[in-house]
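Take this structure, written in structure tokens, and hold onto it; I'll ask about it next.
Going in written order, the chains are labelled A, B, C, D, E and F, and every chain counts its residues from 1.
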Amino acid sequence: MPLKTNGRIGQSALLLLLEEDCAHIEEQLQLSNWQFCKGKVGSMDTHKVVAAIETAAKNEKIINKDLYREGHALYHAIIEAMQGVTRGQVQLGSMLRTVGLSFSIVRGRPYDEPEEGEWIAVSLYGTIGAPVKGAEHETIGLGINHI
Amino acid sequence: MPLKTNGRIGQSALLLLLEEDCAHIEEQLQLSNWQFCKGKVGSMDTHKVVAAIETAAKNEKIINKDLYREGHALYHAIIEAMQGVTRGQVQLGSMLRTVGLSFSIVRGRPYDEPEEGEWIAVSLYGTIGAPVKGAEHETIGLGINHI
Amino acid sequence: MPLKTNGRIGQSALLLLLEEDCAHIEEQLQLSNWQFCKGKVGSMDTHKVVAAIETAAKNEKIINKDLYREGHALYHAIIEAMQGVTRGQVQLGSMLRTVGLSFSIVRGRPYDEPEEGEWIAVSLYGTIGAPVKGAEHETIGLGINHI
Amino acid sequence: MPLKTNGRIGQSALLLLLEEDCAHIEEQLQLSNWQFCKGKVGSMDTHKVVAAIETAAKNEKIINKDLYREGHALYHAIIEAMQGVTRGQVQLGSMLRTVGLSFSIVRGRPYDEPEEGEWIAVSLYGTIGAPVKGAEHETIGLGINHI
Amino acid sequence: MPLKTNGRIGQSALLLLLEEDCAHIEEQLQLSNWQFCKGKVGSMDTHKVVAAIETAAKNEKIINKDLYREGHALYHAIIEAMQGVTRGQVQLGSMLRTVGLSFSIVRGRPYDEPEEGEWIAVSLYGTIGAPVKGAEHETIGLGINHI
Amino acid sequence: MPLKTNGRIGQSALLLLLEEDCAHIEEQLQLSNWQFCKGKVGSMDTHKVVAAIETAAKNEKIINKDLYREGHALYHAIIEAMQGVTRGQVQLGSMLRTVGLSFSIVRGRPYDEPEEGEWIAVSLYGTIGAPVKGAEHETIGLGINHI
């Protein structure tokens, strides 16, 4: 069940956000026939972060909006990524903090065996801090799920 | 209090682990006079992951091993990074899972104002999964603290 | 301190929700002189779920509404049951999810020794998911406390 | 995406543990061509509870032991069920408590649409308490995942 | 249901640990006919902290060792106090940290109404930190339950 | 790195709230040239508790309001103190409970070595319970951080 040498679904999702110039990542993903999209969301509400990512995933047809199965896989990947961002309590404004995040979603086949099927990675990168300009530091999150 | 344009301490720590070739990241860090180190640790015990990072930070003189103040800053950065890795419970073997991680530590001045002083970033990237070769997926974590 | 053979307070609370026809459970509870009630609540707010159960318990006289002691026992049983329902973060709408739940409360003496006194069980069963019809799966919770 | 009227995968898993006589539940599951198994595990170690359920699922061919995808789905369902059992911290002996649990695993198609595919439910029921005979009360857990 | 003016069970438990000279607290507790005891425990294992407090409570007859009801009330008060001490994960050595704690247990009637009955308070005060002399800071915890 | 004999920053913060007459604590703090302040806050919103403490700390010049570094140290100390108060989920009104708290903040040098620098302690003491007069019990919290 090893991961493909060039099949790092999480690494791709992360580099889409972290590289100054991520054109070569996008090319590689297209060559692999992997689906992906990027977006931004800033909010004091966790539910708005979740909604922004779900909407992007559906609009960009990364997931089939009519299948709960796919929404369920995506939801858990988002919440896992938010745990990296929030580190302890998946709360933002209710704890007087806010986030400004870029997100990426990648759907592909990271394992050599075809039976391992498709997986989805959600990556979040940006800042978290007080609702005051500059009173913030960087944060990352990654959630991966079978889909 | 804005982050410097080229002062992304977390991004640097993450790219040290995620880039195939991170020589340019290392050069940039050296130009900034920022301290950093990298290492690897695989374990089913959270405390061994913590110990490996603390030992590297002390041996590489990223932190002063005689100051609790610096050990305290590092410890909380490590635990925050582990929350991204474990996503919910900071437990490994006790929940029948194991990690194989690369880690990086970066210490520097990410803010324009000199009074904002030094900060430390701990980044973790690798795999988490069952204690069976290949039954694993990628995971990331980042903790940032003032030091 | 063993549980009575027919003194499973949690099992009774759960079967009141899970059985198609729970008349025999209700009879058994009445024979034991145990108090119980059932109700329903659907919400995106955890506090509304808590309030619905507290109100039912007071209206049905399962607990004495004038005793904090009894309200305290019930509250912790409810929150413990909600942890089974939410599995990680006791949050609903703030994480963009909703529940449709049946609940039952049972108060009785599950232990042979009279000194073990009365205990209370709160059970929750229903669905949790996105605020979209059908995008949901089942969930359960049980909290038990001395009263 | 509605659940089938007779397609309650979680309810079936729970009733396999809670009914005195669950023969009719087993028959219904066999008629639906859903796979299921039951077992018991008592331990002060969470990882032994996880291992017991994983082993049963593989031995009874509820999941394909060679597919990480299926092991990943099962693992998260187990941990979610353990959150209902432990209500707050997925820890047993490290918090001086122990469990005696029955478990059931059901794999089937709870939704009307064939595209919603297979799901897995893990249910746990038994007692949790001090490592002293009788110093314990009942506990429940249910985890559901797409597979 | 108001707390008595001089009926602060938590305050008493805390001051037993925090005052240089707590003789007047002890006198006040004796005048109220409230039971209490004090002790010390240092460990990297949460379960040893729990066991030390439970043993003291039974030996000093603060609780009846033959009643699960009372052990249950005490256990939850201890775990709640440990959450103040550990602030996030009820783990010590598994996260490479250790505690040196004083503890106090107080059992009494903090409310004016006799029907509110007895309550128990567990207080913990001491240091938490790395397993290195001096690399530690202070920590507090308080758990209160009806008994 | 030992704590000074009379350098208990947490103990001071706690006694400022717990002693009937805390004038001698205030004198001792003034003699040590340690900064401190006290205040009160009652709310069903965690973010209002956080804001009240942050505002007091800035107004009383315990922290420099223009330095994120100091705000960051304070924020984490507050959240750690809130974990003692809430014992499990840093949530109030969303779980149908409210707090009435006194708070104290102390900034000083608790260690013998001058290099260990300044630390900050945030202490919270008061009641937590249902939004009904008297349906509440005591609660404590303490967070300590280097600054």
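Throughout what follows, a residue touches a chain if its C-beta (ideal position, glycine included) is under 8 Å from a C-beta of that chain, and two chains touch if they have at least 3 such contacts.
Because the structure is a prediction, the values reported are computed rather than measured.
Using the contact threshold fixed earlier, the set of chains in contact with both chain D and chain F is A, B, C, E. Over half of the residue numbers found at the chain A and chain D interface occur in both copies, marking it as a same-residue contact. A count of contacting C-beta pairs for C-E and for A-B identifies A-B as the more extensively joined pair.
When chain C is fitted to chain F on its Cα atoms, the angle of the rotation, on a 0 to 180 scale and to the nearest 5, is 120 degrees. Each chain gets one centre point, the mean of its Cα atoms, and the points for chain B and chain E are 36 Å apart.
One simple way to say how far apart two chains are is to compare their mean CA positions; for chain B and chain F this gives 29 Å.
One inter-chain figure worth recording: chain B and chain C are separated by 43 Å, centre to centre, where each centre is the mean of the chain's CA atoms.
Multi-chain contact residues, meaning those touching two or more other chains, occur in chain B at positions 1, 68, 72, 88-89, 91, 94, 111, 119, 134-137. Remark: the chains found to touch one another pair up as A-B, A-C, A-D, A-F, B-D, B-E, B-F, C-D, C-E, C-F, D-E, E-F.
Taken in their complex, chain D has these residues touching chain E: 88-89, 91, 93-97, 129-130, 134-137. The part of chain B that touches chain F in the complex is made up of residues 1, 64, 66-69, 72-73, 76, 111, 113, 115-117, 119, 145-146.
Of all residues in chain E, those touching chain F in their complex are 1-3, 8-11, 14-15, 18-19, 80, 83-85, 87-88, 110-111, 119, 121, 123, 125, 127, 133-144. Those residues of chain B lying in contact with chain E across their complex are 45-47, 50-51, 54, 68, 71-72, 75, 79, 89-91, 94.
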